[in-house]
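Please find the structures below.
Shared between the two complexes below is chain A, which has chain B as its partner in the first and chain C in the second.
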Partner chain A sequence: MIAALDRAGIRPRFRHRELLLLVLASVALCAGWVSLASQQAGQMSIGDPTIPIAYVGILFVIHLGFVLTGRRMDQVLLPVAGMLGALSLLLMARLPQGLAGLSLGSIELGLAPLQLLWLSVAFSVLAVLAIVVRNDNWLREYKYTWAAVGIGLLLLVFVLPPAGADDGPRLSLRIGPITGQPSELLKVILVVFLAGYLAENRTLLARTSTKLGPISLPPVPYLLPMLAMWGVALAIVIVQRDLGAALLFFTVFLTLLYVATRRFAYVVLGMAMFLAGATILYQLFPHVRVRVDIWLDPWADPLGAGYQVIRALYAFGRGGILGTGLGAGLPAVGDTPAIPAIHTDFVFAALAEELGMLGGLAIVALYAVIAERGLRIAARAADDFRALLAVGLTLVIVLQAALIIGGNLKLVPLTGITLPFISYGGSSLLANAIVIGLLLALSDRGVEPPPPPSSARRFRLPSRTPA
Partner chain B sequence: MTAGGSIVSGDGAGGAGAAPSIGSALLRVGLALAVLFGGIGAGMGYWQVVEAQSLSTDPGNPLVQAAARNAPRGRILDVNGEVVAFNERGSSGERLRRYPFPAMTPVLGYQSMRFGTSGLERAYDAELTGLKPLGPGRDMMRKFLTDPYDPSDLHLSIDVRLQAAAASALGGDRGSVVAIEPATGRVLALVSNPTFDANRLVDPAGGADYLESLRGERSTPLLNRATQGRFVPGSVFKIVTATAGLGSGAIDPSTTYPTDEEYETGFLVEGFTIRDSPRSFQRDRPLDFFEATEVSSNIWFAHAALDTGADELLAWSERFGFGAALDFDLPTAASQVTGGDGPLSGFTDRVELANAAYGQGETLVTPLQMALVAACVANDGVMMRPHLVDRLESEDGRVQTVGSSEVRTVMGAADAEAITQAMVLAVEGEFGQVFAGGAKVPDATTAGKSGSAQLGETGRPHSWFIGFAPAEQPRIAIAVIVERAGFGSQVAVPMAGDLMEQYLDLDDGS
Partner chain C sequence: MDAFTLTLWIVRITFVILLYLFFAALLRALWRDLRTTVATAGRSLGRLVVVTSPEGRPPAGASIPLDAITSLGRDVNNSITMEDSFVSAEHAVLTFRGRAWYLEDRGSTNGTYVNGQRVAGVVPLGYGDELQFGQVRLRLERVPA
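What follows is the complex of A and B.
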């Protein structure tokens, strides 16, 4: 058979570790599915196995694709993302199906089938990106174009009719029957731009020529992008009322700036600027004030503003160390979710109730594995752009997870961002799949080498130290 | 492609300059993320281990609310195993709480889907629903059981027969009876009249209308008079004054006041005249503590309080529990000796202090507080923590006993003995009989003190009695108040005597 493949020009390269981990994830999903179905039926049952079988099938087809195309990519990221998606399916199957709905002709899809649909689309995009992307010029060379696209996405929300209610964050965009959240894609685009910009200018940024009191700053022209990022982050808070996305963008930006320049002062300065901006916003905008006040004392208004957070804490408390077991918690009483937005903002609280602190720590560990793999890919990257891109993409997922988990746990103010790969929602899954797909492509030891650095640098530094 | 490429450094940019290496920055980012994840883990530990129990039994928790709806709530039984609260299925299949003895409402409260919980149903909600399992370590094991609830039955110290007898003795009158076993603090009866029918209140059909009508009642049936009603005590407060005087050493049992002259003209304190009610007898010499208690001399106790001083009177009353809510299974109101806004340690002047000595002025007490005063004297000066629940028994056979615990030693045994003697004289003495002879329990030495709390110039006084029996080995201490019913001797005294007698008979019989 190998010979037959060889004649067809296909040289498979086996990925044993990925296969093993995928088998583990699949076993976990199936065990969870049986446990959930048995709990719901009150007796031993496998429930409706279509959803887990379809999902596991997709994962193994992607694995087969990687093997047949002979890719030498990271073997851990796909199973980890697959495991997170599996947890998502278990949770969505367990929540009231009416929380989301889509009619396709005569077919009515509930929460779990819809999430399976989004997961299928997302993992297909992941696989295509991982296999097809063989060079990065299209990202590297057009960074300002990407930035423009990102800003355009941000502005689109105002041009097109909003999808949700008027009082909440204006996050959604409706195109035909499909609503999406542009800020999810925006974060990926912004990372691409930042990686390109910082890779090109990091030598200059690391230099100091401007003095601002005790703080040494880079030449003024290079400060402008930093100010622009600050402005974009604040603009997101003001116009989109999206505290979480703003916090995420700015944290990713500062971390990338630090990685590129090794100058901790920038991080401190950036945080000071963000805090100053946040304080002003706190004074000016009630929606920011409410968020912070709830965080400080949710029990001040337990049935109003603090309701969500308190309900989430109850869920954590009910779970305890070992959890109630899948299906045995109280994420919903009848068709009313115990925590509003349980399928988007509070998935972690719901899972931590049923899987306990041990399960919750396992989920956190999965994101920690993504962080480790991502940083490893960055460390092995062939040039600065790829390294910074890998760090940025990793941070987008990991910091977003930390922000929303921290929000669930009342460690930081709650923000309406999703838990990557677990929260319900197409645009979130799609954006995170793009991130993992690009990370896989970056990890491939068979891709084209980066282009030689342009000799036509506009700025040359007079001083140079031998590398 | 640089296979297996090494750490990227400035030279990747073709020698464009002295860009620092990315590799070590990555390490620091990794460390920062590790700290971040560690913080998240700590946060989970805090909410899921440290705070788990208190979160899971918070009344706002939907788990607690769901348990109220679904869980087989434990029953409540009296001291003889009589069921005083149980579950029934309502017309639409929902669980309904039933209360067969209306007189038990002040103790039990209610558990309603609509109005939540009150009384013992609230205080022991977590145990009744089984959300708070008996015994350590059970919480973790429970996760493996198919039925997450392990409801406990409450076994009370209340004897429902005494409770019902006290309620029917009060009849249509407003008032309260609290009976305590002095040596243990076990509450034997806790009655507040009028009360309401908890069965009607928890009924989903008419509960809301019923509650509305109760709120409008002028007789305030929703108020638990026994624990939260505050009444002018009148002469029963003299026991507190005596404790302060004897305890502080300001007086001793042989101290004598007043003179014949004062009895004729009244005792003048800063222009305010204290008189003793005219009596058919008058001794030819000044009264000592025993005689003053027997005939309930206001003048004598006013002297005693003035000699004791405001600070000592307050300090000793606080040892009985005055000035703060009592530690009890039900919410309690604080009793007070003074309103506390005057210059004389809270008293306005010496007139108010003199008036407080015999329970007038700004003195306000709860019936539970006065029952504790009687029980404390009966128990050689040691106050026991009052409690309603003897033990909890979980469905799977675990038992948790609620032991007796000492609150503090309020007074020395010798002082308690002297006050007991005086209280026996007040019931059984030659002159005391006139006031409180009606409280005498046949075949048992009875100690007590009656009171008639004046409420302004007009209207009938509150009728009070506190006491205990048998005086040598007290088995029951009691406080009875009947609002605006007349002099102590007319209403509260015989009622207390009957109830103590009934209890001792019941206790001997069972």
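What follows is the complex of A and C.
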């Protein structure tokens, strides 16, 4: 095999840091698995080792793929994502298996095997993106096409029959036996569009020519297409009642605008727009009001609307500093989970109960590491588009984590967002895997240089003047 | 406390310890990356010190920091403009590739000299080499850390 690679001009390159981190993550997963299985069995036991072995196998195959193809990519992101996935597997194996199910012919898959299936699909996509993507023209040149694809994907939800019969957010799309959430993929597509648009027009957007009272704005024609695109996405998301995605879109949009133009006025304006929008939404939509009221005082309706949040707070309390241990938390009672949506929205509460404050802090730290790596990749990027893309992709993961962890802890109003790589769900895992895959591809030092600026209206701002 | 409870507790704590061991290894990797970035960033790749310049532009004794690609010549569009009657408009280009500096003559009329030797094509340079374009003589120096 190595001879074949050699003929193709590919030289394997060892990635010892990644290997070390992956070994550590695997050992940790094994220890966690033994801890969980012993707790559940009531005696020392290793439970059913096929799930962790299969998962570790996938991670090492990906590592081998990176080594054999000689990629000079970031060596930290894959182990971090792998560790988060391992925590996810431990939690899913521990929760009642009936929370999710898929029957393929005669095979019935419970929560943990199903999550393993999604994780393997997601990590395969991650690996393929990281290895195959050698240039970014397919993202850069077709930004409007991508935006159209994203909006179309979202509109599909209205056309096709809804997956769930409940009157909650209309998010799901059913294709055969699989349901998917297009808004997860839309997060990535929106970042691609914004990065492309801002990279092309940042110099124009940073200029001030329109005065609106004390605020000076960039030329209106260059602001309109982007605002329109953003407004359409936001409107659809609000109509679908997916508050979390709306909040995420707005924050990503605002941050990228600030990163591209370095104009603080945009941030001030954006915050004002956010406050105005939030007030209007609070007045207009009952579901927004419910979320805010629960956040302010969950004990007003402890058995109804506030039930979830109160149970989560008790879970954090029960966990303490060291936690109850995997499998020993309260969700073990019966087959109904103590916290509704524990496998999607409240995974952090569940893990913090069983691993304690120490475990919870470790999870937060892992997301902080992703943020550091993403911003480092952005700082080293060869041109504006790649830098903005890396910032936006990093933001998608880190903001989701911050919003849902904050929601679990009652620091911010709870919005239905998944915890990247830990929550149960195929669409979310797939979208986050695409993000990490693209970040890895962007970090590759052997990647093709960006194309020279082509259109006439692209010109560079005078960057730092030499001393 | 029986043996099983104790063992289970040890396994539990081991898991948390391993979690933090993983995090410590991560921090070590990040720290190393940061160290190399700090060591290389901010430091200019090199500089040119003007040894002699009869027509005064650039002035003798001046120290010019270098970018990874520095073009030299009489034309104002060059990174370093040399107002010297014997220097061509687009005289030469200095590039930093990987770990070393390279000099390429861009078809100048009066040629480019490295340590007194006329050069053609791309030649590798070392710190301390003396370059001559027309009447201007410059020395390539490492920027002191």
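By our rule, the second predicted complex is superposed on the first by the 435 of 467 C-alpha atoms of A that agree within 3 Å, B and C clash if a C-alpha of one lies under 4 Å from a C-alpha of the other, contacts with A are read in each partner's own complex, and residues count from 1 in each chain.
Everything that follows uses one rule, which is that a contact is a pair of C-beta atoms (placed from the backbone, for glycine too) under 8 Å apart; a residue touches a chain by one contact, two chains touch by 3 or more.
What you see is a predicted model, and the numbers here were worked out from it, not measured in a lab.
Q: Could you look at A:11 and tell me whether it touches chain B, chain C, both or neither (first, second, both, neither)?
A: neither
Q: Let me test your reading of the model: by the given contact rule, A:134 touches which partner, first (chain B), second (chain C), both or neither?
A: Touch partners of A:134: none, neither chain B nor chain C.
Q: Once chain A of both complexes is superposed, is A:372 in touch with chain B (first), chain C (second), both, or neither?
A: both
Q: Check the residue A:381 against both partner chains and state whether it touches chain B (first), chain C (second), both, or neither.
A: A:381: touches chain B, not chain C.
Q: With the two structures laid over each other on chain A, which partner does A:316 touch: chain B (first), chain C (second), both, or neither?
A: First partner only, chain B.
Q: Counting only touches as set out at the top, which of chain B and chain C does A:325 meet: first, second, both, neither?
A: A:325 contacts both chain B and chain C.
Q: With both structures fitted on chain A, tell me whether chain B or chain C touches more of chain A's residues.
A: More residues of chain A are touched by B.
Q: Applying the document's definition of touch, where does A:27 land relative to chain B and chain C: first, second, both, or neither?
A: second
Q: Does any part of chain A touch chain B in one structure and chain C in the other, and if so which residues?
A: After superposing on chain A, chain A residues 322-323, 325, 356, 372, 467 contact both chain B and chain C.
Q: List the residues on chain A that touch chain C in their complex, please.
A: These residues of chain A touch chain C: 17, 20-21, 24-25, 27-28, 31-32, 34-35, 38-39, 42-44, 75-76, 79-80, 83, 322-323, 325-326, 355-356, 358-359, 362, 365-366, 369, 372-373, 376, 466-467.
Q: Give the list of chain B residues in touch with chain A in this complex.
A: Against chain A, the touching part of chain B is residues 1-5, 7-26, 28-30, 32-34, 36-37, 39-41, 43-45, 47-49, 51-56, 58, 60-63, 66, 139-140, 143, 148.
Q: In their complex, what parts of chain A are in touch with chain B?
A: Going by the criterion above, the answer is residues 199, 202-204, 206-207, 255, 258-262, 302, 310-311, 313-314, 316-325, 328, 330, 333, 338, 352, 356-357, 360-361, 364, 367-368, 371-372, 375, 378-384, 386-388, 391, 395, 398, 402, 405-406, 409-411, 445-449, 452-453, 455, 457, 460-461, 463-465, 467.
Q: Can you tell me which positions in chain C touch chain A when the two form their complex?
A: So the residues of chain C in touch with chain A come to 4, 7-9, 11-16, 18-23, 25-26, 29-30, 33, 37, 65, 67.
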